[in-house]
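What follows is subunit A paired twice: with subunit B in the first complex and subunit C in the second.
Let's turn to the complex of A and B:
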């Protein structure tokens, strides 16, 4: 069905800027619901600017300023950046000298381990998905199902033999070990997602290219891969979010040098014996949220376009 | 595909060729068995590893020489999954037939005794059964909540409106949080004394809000936190389906004056069915494994013990490695049956309509 295209749209201008199809009422409703949904996160972020006594105050101090006297004084706290500095260095004993907590190293570890393993899983998984989609093996579906099965068991079952194996080989506490493990952890999802994208592509173009004498490698890189870029972005974001916050593998398989932030966060919460340090925990989480938030924000359009094709096929 | 042409005949079994994978498997098996019997554990491990690498290399050369592109493309993924997942799983399957504790050296073969203990022991069988029903309850409640909330959110965001990008990322944020932070902060929100919900209710003249003291409340608290965290995942998948519905179908339906209920089932639903199924499958698998929120919020108290946390307790805290492995395999059996049933139904539906 041919839509009528206005003169301005022909010139490349967007249709009706400002209010789109839905109108302001819908925008307002969605905004209220989104903000309520976001509220628990917002409270975490706000808490990261509070001291311990303010975080536990009754009634709760919720606002950083009084908004020119609009908010009663008892609900207002004075924002501080102390939590953020004490993420990286703080005194372990009251009155003692500030020591480095090693969190700069843990942040580097998280970024390095998560990005490397997700990219590795994306490369290996995309190749495998292309293979499963275009050159089906005997018992193709059984292979796919077995691959999915590896994700179904509680992680602890896989982990005990992996710990024993890593000790024998000498990979315990190393980057290589945890990266390989996370790669395997991401592969099933990557293969299933990417296979469904490749399945949706029309094979006519590829066959035409083959008849023209293109090699199989050229067909893959020049014709198939560019069509699934959105799918790659979506799979990358999903994998990153899952790996970024993974806790159990990291707890049991990283050493002092390779510890990731979720593990260190857990220790910062549990350590000390004086209860949870709310401001500190909130500051760590806020800092930890920023990278994955930015990546998701910039790949958001791909995320929507990307998952359009995915379907269960077996 | 078009260019699968057999360029060479398969090599004879007895010739020493780099692509003779049958010979490689035979040699590999013999050497592995010899190594396990005669060498100390860590040397034997490397010998077996070297044999596995040899077999893999033979497969790759074979696939390359005969243009089996499928095998070539899939082999790296299979190799990684084999070393990091399938091999450890087989190892723990083997362990489940032994009496072994990770803090002790002794190990002895007991056959199916671990399974028998779990299924028939007067103490363990009822506990297992209770944990299984708890897990089933959590799976049903959390997945249902996530599907409903995720679907409603997706409907909200399916239209074009200003600020959509920015509001969408706000809704997606819970998914990106660390489970540790979510668990700890939800225990803060639920706290009877200084928790925010309790204080809000007291400010309106209500009683102190005590959620986690009985089973209903504890389950509700965990389900709420989990559904809040993972509904955005469902939303994203459903939203992608909603966005892909061609607009002219709705216009045609408007001309024919189709009721909105019928319009949903005949136009919208076919486009989101596959994605709903994918979301359901992945969320069910994850819900089956739920342990971390339970550990952080209730430590398994008040009848919220799940089977996954039960396995962690047995295998990690009590060091009963082989018993934990046996329990996991019982669990895997249940999950595989359920998943197959689910995929069977999903496929029959999609072929039926």
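Let's turn to the complex of A and C:
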């Protein structure tokens, strides 16, 4: 009975046989799961527009308007931008004059430190990965393994020798120090990622370039690098997300001037004995999301191609 | 002077000997095919000539100059790879023009040359496309175009037709042959397809386990195989190898028994060769089975 449509197919779940677009049932299911994943972020964004009383309200006020009376009044809050302005300047004493909170500086620090160290790690790591891939040392795998060992321990364990080293050489609290540290910590990941991308390339193409007159440098820049752009994008985004959100090293190794947003956030929201300032916290987090969100969105095409690279052979 | 010469070249990978004491010389305008089963060292030989592998011992001489220490780009060669090895990030025209980047010629001259070879190989319509957007046959022709655009001293082909379907392979064989005969350069083609070797080559070098077993014209290797391996490798259907039993000596002649028949042979071989075309099969009891089954024993083969 070819014409019989099963209950599940009627709901939009097409049979698993055959390749093509998914039915709307699958699409809907995926949308719901995605929403569950996105919900915490969504709540943070919504909360950033609420005043402290509304942020703490039970049941939670989730909607900025009543949508022409559709939503009961108790779930509706009145959106405000106050949290966002007080991220950058606010009165520390009730009724006092507004003071700068220094968050413009902290945002600059976060962007500067994260992007510099991830880019540095990308440059060094890509070159190193190419070396490991094309000019293997004796015991190549051992070196790759050793590179990864610092990432095998919890950061809290590694931080103790690192603090001692930084104190001795006077790098604690400086930009150079934290950038070096993040670069070093991004390197293993970058090398491993990029090596696997280089390993996937067809060596014939490089040989052809050599015969066609390319030097080794040109082979790397003109032939290999354009083929791993997707990998570079993927590695950059993953590295950026890890570095952007890093808290522990930043807490212990940045000074007043070099403080990053995650650390500053922690200190800003402890609202002088009146509990956590949820609205303010949410506003900082919302702002904090934007750069990574933009970069990821921009590189998404590359990123998605990048992470699935190599699953299909030629 | 377009010549290629390999003198006693050997390649070792650790304990494994990929090529052992291979001697090969290719004159200008001559096409030599390296033929052999997979893993016999023919591609390694080619890569050593190209400079992509260093020789462990022996000399590579191209155009009369010893090239052992020179990197591939300094050997003035062009190579077509089995998987074409087109540059994925460049379009077809740029792919073809790549070898010209190091020649000191103007952009117009470069374009002129690219268009000329594109015309020869019927690629003019796809010059703007990316390698991923052309057919398999076009990829193959792009690879050939890239090889001939610079007019190098000699050509190396690594299984150039193995990825094409039968029909395309046939027409490409003709095209490559024509292009090569117009250029009259020394050419080495690696292949495991004997039909390709027999039709394209002036001479064939048959390799096994890193050793060149025989070098000769297609006719020579077909009619006078140097040993059992060559005899069994060349020819479709395969040559019949009949095992015999040495019964005894009769002066300088050996008495050998094939099946029920006794045959006298000049020396002392364990095998002889028998081509299908030389056998007549008769029905019924033959008055002389010797004349129908073993009509003529030719020069005996050296056991390999």
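The rule is simple: the second predicted complex is superposed on the first by the 286 of 314 C-alpha atoms of A that agree within 3 Å, B and C clash if a C-alpha of one lies under 4 Å from a C-alpha of the other, contacts with A are read in each partner's own complex, and residues count from 1 in each chain.
The working rule: a contact is a pair of C-beta atoms (placed from the backbone, for glycine too) under 8 Å apart; a residue touches a chain by one contact, two chains touch by 3 or more.
On a predicted model such as this, the values are computed, not experimentally measured, just so you know.
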A:46 touches, of subunit B and subunit C: first, second, both or neither? neither
Partner chain(s) touched by A:232 [first = subunit B, second = subunit C, both, neither]: neither
Touching partner for A:204 - first (subunit B), second (subunit C), both, neither: second
First (subunit B), second (subunit C), both or neither touched by A:156: first
Of subunit B and subunit C, the chain that contacts the larger number of subunit A residues: B
On subunit A, the residue positions that both subunit B and subunit C contact, one per complex: 207, 210, 314
Complex contact set, residues of subunit C against subunit A: 47, 50-52, 71-73, 77-79, 81-89, 98-99, 101-102, 146, 150
Residues of subunit A touching subunit C in the complex: 202, 204-205, 207-215, 222-223, 226-227, 314
Interface residues, subunit A side, partner subunit B - complex: 1, 18-23, 26-27, 29-31, 33-35, 37-38, 40-41, 43-44, 56-60, 124-125, 127-128, 130-132, 134-137, 143, 146-162, 164-165, 168-169, 180-181, 183-185, 187-189, 191, 207, 210, 216, 241, 244-245, 247-248, 261-262, 265-266, 269, 276, 278, 281-282, 284-285, 288-289, 292-293, 296-297, 300, 303-308, 310-312, 314
Subunit B residues touching subunit A - in the complex, by the definition given at the top: 1-4, 41-42, 45, 68-74, 76-78, 80-81, 83-89, 91-92, 95, 102, 153, 156-157, 159-165, 167-181, 184-186, 188-189, 193-194, 196, 199, 203, 228, 236-237, 239-241, 243-244, 248, 251, 274-275, 277-278, 281-282, 285, 288-289, 291-292, 307-308, 311-312, 315-316, 321, 324-325, 328, 331-332, 335-336, 339, 343, 346-347
